[in-house]
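Okay, so here's the structure we're looking at.
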Amino acid sequence: MRPSGRAPDEMRAISIETGFTKHAEGSCLIGFGDTKVLVTASIEERLPPWLKGKGEGWVTAEYSMLPRATHTRGQREAAKGKQSGRTQEIQRLIGRSLRAVVDLKKLGERQITLDCDVIQADGGTRTASISGAWVALRLAVNGLMAKGLIKEDPITAKVAAISCGIHQGTPVLDLDYIEDSNADADANFVLIEGGNIAEAQATAEGAPYDEEALLRLLRLARMGCNDIFAAQERAVS
Amino acid sequence: MRPSGRAPDEMRAISIETGFTKHAEGSCLIGFGDTKVLVTASIEERLPPWLKGKGEGWVTAEYSMLPRATHTRGQREAAKGKQSGRTQEIQRLIGRSLRAVVDLKKLGERQITLDCDVIQADGGTRTASISGAWVALRLAVNGLMAKGLIKEDPITAKVAAISCGIHQGTPVLDLDYIEDSNADADANFVLIEGGNIAEAQATAEGAPYDEEALLRLLRLARMGCNDIFAAQERAVS
Amino acid sequence: MRPSGRAPDEMRAISIETGFTKHAEGSCLIGFGDTKVLVTASIEERLPPWLKGKGEGWVTAEYSMLPRATHTRGQREAAKGKQSGRTQEIQRLIGRSLRAVVDLKKLGERQITLDCDVIQADGGTRTASISGAWVALRLAVNGLMAKGLIKEDPITAKVAAISCGIHQGTPVLDLDYIEDSNADADANFVLIEGGNIAEAQATAEGAPYDEEALLRLLRLARMGCNDIFAAQERAVS
Amino acid sequence: MRPSGRAPDEMRAISIETGFTKHAEGSCLIGFGDTKVLVTASIEERLPPWLKGKGEGWVTAEYSMLPRATHTRGQREAAKGKQSGRTQEIQRLIGRSLRAVVDLKKLGERQITLDCDVIQADGGTRTASISGAWVALRLAVNGLMAKGLIKEDPITAKVAAISCGIHQGTPVLDLDYIEDSNADADANFVLIEGGNIAEAQATAEGAPYDEEALLRLLRLARMGCNDIFAAQERAVS
Amino acid sequence: MRPSGRAPDEMRAISIETGFTKHAEGSCLIGFGDTKVLVTASIEERLPPWLKGKGEGWVTAEYSMLPRATHTRGQREAAKGKQSGRTQEIQRLIGRSLRAVVDLKKLGERQITLDCDVIQADGGTRTASISGAWVALRLAVNGLMAKGLIKEDPITAKVAAISCGIHQGTPVLDLDYIEDSNADADANFVLIEGGNIAEAQATAEGAPYDEEALLRLLRLARMGCNDIFAAQERAVS
Amino acid sequence: MRPSGRAPDEMRAISIETGFTKHAEGSCLIGFGDTKVLVTASIEERLPPWLKGKGEGWVTAEYSMLPRATHTRGQREAAKGKQSGRTQEIQRLIGRSLRAVVDLKKLGERQITLDCDVIQADGGTRTASISGAWVALRLAVNGLMAKGLIKEDPITAKVAAISCGIHQGTPVLDLDYIEDSNADADANFVLIEGGNIAEAQATAEGAPYDEEALLRLLRLARMGCNDIFAAQERAVS
């Protein structure tokens, strides 16, 4: 029995509210249950120095938790003067995941930054960030296409991400904070619509796991991502 | 004529949504028109080192803009590795303003941190932060009193803040971003319910101003803060 | 009775020694009683990146306390690796105050930096800094004009600043450290010669204050600044 | 055909030279072909603050590349003033991998730090670091047991890591730098002796991959780790 | 012929004005010609952590140049966020030089910090700092002895420092900025009254020098330090 | 009697293994007894901004200790976020010493960086670094000359460095860690082949020393450097 009473393959409610802020070229507030992440996509007509003059663009991400997104207050990274290893690891993952579905040549010489700010955390903030970032990116690119600034759609597919793990011996989908804190293994899958894998990360927290478990987690992730793809589709239609 | 069509002494709509996040001891999303600030109050049973053992508590604040709260994306302070002078100036002001209405002895040996994170900016983020911080603080202190951890109410009054300025020769109340960018003078008043002043800051941006102008701005601020006091009252009832 | 025995509207002795250092284009050691600030004006024929090519110049300021300017030694900011919020707030105020009396177009494409280093502190270091910075700036601009590098005087008026506050119920002028530590309210006024206001900042430290008190503090500040304007005039003649 | 002429399932030569430095409680220079990493294990009788008094120990890791370990010189992180996201991600992975085979209660209240300094890089520095760190840790723990400071062996198994990837359509084992730069997918597996998985990370660099590919990479990794386990056994015997 | 017209073994005028600031336990403004350094000695009844409980004290130093102490403005180290290598090297030298004449046991469990802030620079700022630091230290220790806090004098001798160098083939004493910029070799000697050496540092800037030159520079330094010892004596009497 | 049993004028064994890493343009692992330093020379066809367009090159150095090069683990400077004063002082000395034997005009508009990473420390790490850096530099320059990128040899002579000191009253050559920790005086000499001095630094740690002692230390250093010059010659032949 999961603490939340959910079935092992049951996702939390997915909510996506687009246009949450008015200045960004694309934005949404995505919720996986009580996890809420505000994602904005910002288009800038400039590139990082190492990409200049190559005829292609860049997609990158930044991630942050508001200090009181969590049960107890965490120190603000701007006040500490540096981003934690965890923050950097997550924002690198988000950027890589989105770039897996963007043709940077078709994007042209511009940069899109996806800012993922966690308003409230209850497990799965990085996977909600990736899933919401796709929506914000889609909206921002739609705007570029509507203005005629881009001719061919640079987005090749949807991308979504979900966590799963082994909790008290059972593979379960979409861990909330309580499950995440006690899982024997904890995995994050970033999947491309159609079934391929952009990124798989599975970590033994308690006991190591075997190949069979890895496959079962991957199959749960497929189920979860299908729900997210549907929610993304509704959000951007 | 103001760009927004408002009368010189007309505030933007004030909205206060309490309980916006579930973990914080007090929280609200405060809006002054399109300016939206998420404020959380976090209670910690520990004190800064210089206050230990003095039998009193502390109230402090931190302030941040999400990178795309503004028209164009600003660099994330956590990524730059330091808080700007503007950020530090604002968070010092917020903390000072709240302490003006708290009896730190009655609060007891605990610290309350008010995190003010600007979700969307359209002028007046610091005054919305102060006004919302009072609501979050009130809710957090109510919780302490309900649990019997505090016997006497340490909050002595309401505090609210509003900007006003001289725009094209006319003193106006509650500047939005367009007005703020072109004001001849720009003032922020932090007022205590009942009429006294906790803080007055008035800066000539274009031409210097005279005593008469300072008084007219103060009177506009009184009108604005009365509206905010009423909204605060509704929010915490 | 004030701790120093001064009358409520009595300034401390103002001293201004110009040419205190030989390398700077303008410099002075300004004293308000035991508060001593060394101010230098440095002219550089370069601009911050955001001002390039706009046909105008810039005036900015930096502020620092020597570690043992105060009763007990403070940690050196260069050793800590960052400037405190207080330092940044003060140096922003100094720069803004001086720019209130400079026509940046007439200054031409160059930057003048006013370095205010507090040698000895006894209250009022930011106001002494502003008042001394005007002298150093005046001397540096005189040099530019004497060399024919500037044709029209870019300085439009004198600017000076003074603190005042409510001490044991009485509004008093030019707070020293002992008064400043115990004041109910603490204000800094930056005034333009002729009577207009460039900046007013009044903070309740103990009890909040009313409009009447604000006006009385402003009137004291006018008296004080008139003395400073006279001392500035003597210094640069 | 691989650039090195190796067969798809062929590892590079593994070399492990123990006792490479004389001060560390355990050390080795591990080589996977031209990749050379110096690993030291340092025992300290103190703990991070959050672990004090819990009756257990800690194992952690730090990772760095010497500036000229690579084809072109990289900037020294100590000179830049911060560790890159990549460095932090790798050192978190190393620490987590080693903790997967250590019973922290049996280790007792002490910390072992594994410093992994890359002397020369040719792909696979993080997996060589993990594999070498086990050797250094084993030697350090042997020393504690020989001195009677630990009674029961806290190390529960061997742990090793290897990279594999899809290079020009073919799954290959133990990528060198040239392959790594051109791989379609790039995976790192951390395996426990006996066959279980401590960590799996597989990233699509070019095209996304499917479940079949993930399994083939995992099987290559099993082959590679078996070679490493044998080399570790020889090194510590 | 030296640019200043001085004879090869001629010092610049030495001036020492004690009591330059009122808060420090000891202070002086020392001048070697146009080089002016403000030195303060601050006594604190606390020690660095590694010295606690050993029954002895500590003497340390910090050094800084005001931004416009030099011909062109240098960036403020507090604004850059770190002290330069040159600054750290100099402040380590000052601290070491003073500790050479202090019996730390007799000083007792307290720390004296010598802050050397260069007001105006014209060559020789580190040697003026050391020479002035002895005066400030002497005054501070006198105060401790007068209050009965120290029984036996912990200062064992005078210490002074002077630069010398080879300028256009001639060994010269007390280099000013112009000479320093063009010297073939540049040396700093820290000497103990009586003739012994606390520190010798001699660097070839242009051509390397020989043993004979090193000895001639040392003999010049002896002459110079004798003048400084006399000036120190006058200052503290 | 020295702790190691060496005669007062006896060096530890000098070992120089060239080509220790394959990517650098020049490299060696230099050993002075148990002190081992890996030095690499990296050629870059770019210059620091202040040297651009002057028709000459630059030689600079960076120095670091691996955290467990020493008896007890030191904190990694990249993790602390800054280089210590000691590190900066040493790397400035290394760069200066090498520039003493390089004609920067003949080097042409390129920079050579000498990275000195201490693998194992037992006293004398800075002098081993300088001595090894010359070898790495010589090899890198040989490569430039072999490719015809430089026509005239920019290296004018060999440079080497050695420590010596006064240990229990006796001047001794090439201090190891135990001697270094207890020396009364500690000197480092950087000598040019042929006998001239590039840098002399002699510090009294316990009792100050006299001119006679300085000369005896210099003569020991001459003997030691002659051995190093011979080892350098063998290494690069």
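For reference, chains read A, B, C, D, E and F in written order, and residue numbers begin at 1 within each chain.
Here, a contact is a pair of C-beta atoms (placed from the backbone, for glycine too) under 8 Å apart; a residue touches a chain by one contact, two chains touch by 3 or more.
Here the structure is a predicted model, which is why all the values come from computation and not from measurement.
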item: Each chain counted as touching subunit A and subunit B at once; value: none
item: Fewest touching-chain hops separating subunit D from subunit F; value: 1
item: Interface residue overlap between copies subunit E and subunit F, same or different (over half shared); value: same
item: D-F, E-F or A-D - pair sharing over half of the A-B contact pairs; value: D-F
item: Subunit B and subunit D, separation of their C-alpha mean positions in angstrom; value: 50
item: Inter-centroid spacing, subunit E versus subunit A (mean Cα positions, whole Å); value: 59
item: Centroid spacing, where centroids are CA-atom means, of subunit B and subunit C in whole angstrom; value: 28
item: Residues of subunit A engaged with two or more neighbouring chains; value: 81-83
item: Contact graph of the chains (line, ring, star, complete, other); value: ring
item: Sequence of touching chains round the ring, subunit E onward through subunit F; value: E, F, D, A, B, C
item: Residue numbers on subunit A that touch subunit B, as the complex places them; value: 21-24, 27, 34, 36, 38, 40, 42, 44, 62, 64, 66-73, 76-83, 87, 113, 115, 117, 119-121
item: Contacting residues of subunit E [partner subunit F, same complex]; value: 82-86, 88-89, 91-92, 96, 100, 192, 195-204, 207-211, 214-215, 218
